[in-house]
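Note that subunit A is present in both complexes that follow, paired respectively with subunit B and with subunit C.
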Partner chain A sequence: MVLEDQVEGEYLVVCLRERRLDAVIAAGFREAMLERIELGQHKIVLDLSSVGFLDSSGLGAVVAVLKHLGQRGCLYLCGVTPAVMAVLRLTRMDRVFRTFPTRAAALAA
Partner chain B sequence: MADDAILKLLVPATLPAARDATERLMALGQRFDEINRALYETAVMEWLVNIVKHSYVPADGGSIRLVAQAGPQELHLVIEDRGRGLSAKQFEAAASQIHFDPQVIADLPDSGMGLAILKSVMDSLLYEQQQGINRLIAVKRWSG
Partner chain C sequence: MAPKISSSPSPTCRSLEQAVTYHLQVTLGKSPDAADLEDLQLALAMAIRQPIIHAMNATEARVRAADAKQIHYLSMEFLIGRLLANNLRNLKLYDVCAEAATNLGFHLGNILETEVDPALGNGGLGRLAACFLDSLASLSYPGYGYGINYQYGLFRQSFANGFQHEQPDNWAQHGTPWQIERREHSSMIPIYGRVEASADAGGGFNPHWLEWKSLIGVPSDVPVVGYRGRCVNFLRLYSARAPAEFDMAIFNSGDYLRAMEHQVAVETVSKVLYPSDAAATGRELRFIQEYFFVACAMRDIFRRHFAAGHVVEDFGRYNALQLNDTHPALAVAELMRTLVDEHDLGWERAWQITQDSTAYTNHTLLPEALERWPVELFGRVLPRHLEIVYEVNRRFLEEVALRYPGDEGRLGRMSIVQEHPSKEIRMAHLAIVGSHSVNGVAEMHSELVKHQLVPDFYELWPERFNNKTNGVTPRRWLLSCNPRLATLISEAIGPEWVADLEQLVGLEPLAGDAGFLDRFRQIKLANKSDLARRVHEVTGLKIDPASMFDVQIKRVHEYKRQLLNALHIMHLYLRIKEDKVALPVPKTFIFSGKAAPGYQLAKLIIKLINNIARIVNADRQVSQSLRVVFYPDYKVSVAEIIVPAADLSEQISTAGYEASGTGNMKLAMNGALTIGTLDGANVEIAREVGEENIYIFGLTADEVILARQAGDIAQLAHSANADIRRVIRELAAGRFSPEEPGLFAPIVAALTGACDPYMHLADFADYAAKQEQAAADFCNTSAWSARALINVARSARFSSDRTIREYASEIWGLKQVV
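For the complex of A and B:
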């Protein structure tokens, strides 16, 4: 699994360079993201522009990251593809996450 | 893909094999629009992951059989495994709708959504256990 980090002001932008965020990588993704939070990164933009497939395990991992952050910070999603947005809508998680078309839009929020 | 095209797969009950099977299955899903194709693939993955994680005892070497047939109106899929499976009651309970308050982050579900997704996506879903075989029959129309 490839995660690319970039610090943009007070935000950490994490880009998941995988076609699929699914049960195969969900646990590793979750642990890697929680590690970043424990290191003090509490404002995170997750760039999903490479991800064309999301299942409930992958979604659960993203939810777990949000829950771990709690009131300490924020988690924005950007570059959400139509396939990923369809799963967010089906599960009503589109009402939970703030999504942005681009990384720049998320950073300007 | 012509009507009545059939795909038969026998795969090991592992997560990478489940991923590979769903990707291969989607060769028959070309007639779905983009959104329904994505949701269909997710729904099938949910059931396969459920088998891998919950039906078979870990690392017991189980397998999963998939038979998909593209008809004129729909994609018909049968998935079988020989693990513990779910009772009909467990299946219905697990496949119930996802309930949460989007404003209460601490209570958001981070697991247990898979079968609800499966149920939401498919037009018809039948689950049965017969002679040691757990069988899911899922139908989704090409449109609508």
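For the complex of A and C:
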């Protein structure tokens, strides 16, 4: 699993360089993200522009990250592909996450 | 590059030959010298795919340009039959293709016989769906089918010692030229999981569907070629695939077999068609199949709706959904979920759109056949949908309570959720509540739906209930299956009848034309000779084309009463053997049909008919005037050879049981006289052809109810009729099962028990009398032919074109796109 970090002002932009966020990488993804939060990164933009498939394990991992952050900070999603957006809509998670078309739009929020 | 052919202007024989040769060599990798009939069939199909796909794309462009409303026909079954001959005739390429085949050294008829007949349905319901698609395309309506791409169709039937044996029907194992995979339109379908009540980003109530498993629905399109080939719609069938080839995490841990298990489990969803009469209720896989294809269809319909530039609010303006029975009733919940959860519509607006878009066709009067799913199963597989169904029901029951204050019994009867004896979701109630239209499939059936099946709903919403009598497509069921008669008709009244069956009335004056009747009779005889040859090839039995062909072809079920037919044949056998009575005319009784694998009594009826056939056909004294055939593995292509050859059409269901029937229509359209009860569409056939041109017998539906209440009618009939007593006695004594005398005891018990709900013995005497009359009438060949011709001439009402026009104008609000 490839996660690329980039600090943009007060935000940490994490780009998941995988085509699928599914059961194969969900646990590793969740742990890596929680580690970043524990290291003090509480404003995170997750760039999902490479991800074309999201299953319930992958979605569960993203939800776990959001829950772990709680009131401490924020988790924005950007570059959400149509297939992933369909899953978010289908499960009503599009109302839980703030999504942005691009990284720049998320950082400007 | 493949040689180009087009349907307009008509391709030449030469261009077709070139295209076929190209596909033989390049696509199939065969040398023309080494090609067999099946290779030719595939190459020919590929050759005509080109103009079909061009026409399909052009049709789609016209629909888009017209900004037209579309109908989406949701059905678990599409019994489409072989497609090559039908497509050639609809494209008007049949004759030029026959010439091309001859030039290549083959006979087109032999090529066509090699095509696999996809058995993607059980019977009438699935074949109706296929006829409707043909009519939609032939009438240039934008109408599309959505269903499941079953890997295994209905089982293949063979007989071993007269018993039905079932073998899997892996119909597409060698591929099919008629499906175009649309992988780019695949859909992810979640099932299982749980719903967690939580808040959205703004703090509002927001239930989440979590921990689901994914199925991927991959569509394949079967082009549906309308008559004259201008309009080509599609039937979109979905296969279930695992999200990845297999679970890589498990695979990487080294457990290859377990990794494959997941993939196999997912693909099971589109693996096999459930036979009718199988106890599907409670079967999780069947429930998942129903959701799977509905969810795939809804995703696709929304995708196309948005791709056309429309907004969600206009969904009902541009889309109509027809539920073929309750199998797709989950569409109500899925549409609500999509509108509320995915598109943020308020409940009331979403409900209005759902009702405006959805219509439901009922196909059964048997309360026990109405689908119900245990709440536990429903909630486990579709947790979010169960919440939605509960909310639909809560609001619905509020409406009922307001209208009928204090009527608790009514609330219980009408509720979508059955509370006792076990908690179940009543799918018919969900379909009725969620639809703006509820229709039966024959006039009599529609009345019974209103007054017997769901009277509470009819009282609440009388305007919602209507009738749409079924029909059959004259392209397949006359033009294609009976080319001799089609040619004669065209010679007599011109060729326009194919698209306008009302014109058949022009044949009626010819019922007095001896020369025409003689040609008509010769055609029937030629069709019977064809069938006799086929029967000999398949069963080894020789039958006489000059004998009267008495045909009963349909699913084997007690209510359809193949057993009544069998009792009568045993009676005739005993008349000849014991009473030394000669029949007025030699008779050949022809059966074909499958029994559900778990329906033991129906399978025993098949065994009985096969035993009768063995005894009758081997008896030199009897077999001169009586033969019995059970043609194995009934399917569309078998019907296509039997229907044109029938003299007498057996439509003898217990009155009040058959919703409509469509075999009755096909046979009448091809010049068979009907012997039948006042059941289903027989009532309308009798009205159309006139009572002098049909043999109606037996108890009416009302009389069946009274007889059932009386309880002892079977015993009364048994004691009053010596013929019945003799048949039952001989059957019980093992005359038709000498090697196993008690074999048919369950049949004897069912017939003579306290209450046979199917009234076999009660109807026997009247049936035998009408049979005797029909046999006597058959001896007068010119009078019989005149009556047969009148059946053809008055069959216009039973064209599915008429049915589809009624659906389009009265339910769907659909316009033709020409």
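Here is the rule we use: the second predicted complex is superposed on the first by the 109 of 109 C-alpha atoms of A that agree within 3 Å, B and C clash if a C-alpha of one lies under 4 Å from a C-alpha of the other, contacts with A are read in each partner's own complex, and residues count from 1 in each chain.
Throughout what follows, a residue touches a chain if its C-beta (ideal position, glycine included) is under 8 Å from a C-beta of that chain, and two chains touch if they have at least 3 such contacts.
Just so it is clear, the structure is predicted and the values come from calculations on it, not from any experiment.
Annotation for the three-chain superposition on subunit A: subunit B and subunit C clash.
Note on subunit A: of its two partners subunit C and subunit B, the one contacting more of its residues is B. Contacts of A:Leu48 after superposition on the shared chain: neither subunit B nor subunit C is touched.
In the superposition on chain A, A:Arg98 makes contact with subunit C only, while subunit B stays out of contact range.
When the shared chain is aligned, no partner comes close enough to touch A:Ile37: not subunit B, not subunit C. When both complexes are overlaid on chain A, the residue A:Pro82 reaches subunit B alone and has no touch with subunit C. When the shared chain is aligned, no partner comes close enough to touch A:Cys15: not subunit B, not subunit C.
In this superposition on chain A, the options for subunit C are 242-250, 350-358, 476-484 or 800-808, and subunit B clashes with just 242-250. Across the superposed pair, subunit B and subunit C both touch subunit A at residues 20, 22-24, 53, 55-56, 59-60, 63, 83, 86-87, 90-93, 95-96. Every residue of subunit B that touches subunit A in the complex is listed here, in rising order: 15-16, 18-19, 34-35, 37-39, 41-42, 45-46, 49, 52-53, 98, 100, 102, 105-106, 108-111, 113-114, 116-117, 120-121. Across the complex, subunit C meets subunit A through its residues 188, 190, 193, 198, 200-202, 204, 206-214, 243-244, 247-249, 252, 341-343. Note for the complex: subunit A touches subunit B at residues 20, 22-24, 52-57, 59-61, 63-64, 66-67, 70, 82-84, 86-87, 90-93, 95-96.
Those residues of subunit A whose C-beta lies close enough to touch subunit C in the complex are 20, 22-24, 53, 55-56, 59-60, 63, 83, 86-87, 89-93, 95-98.
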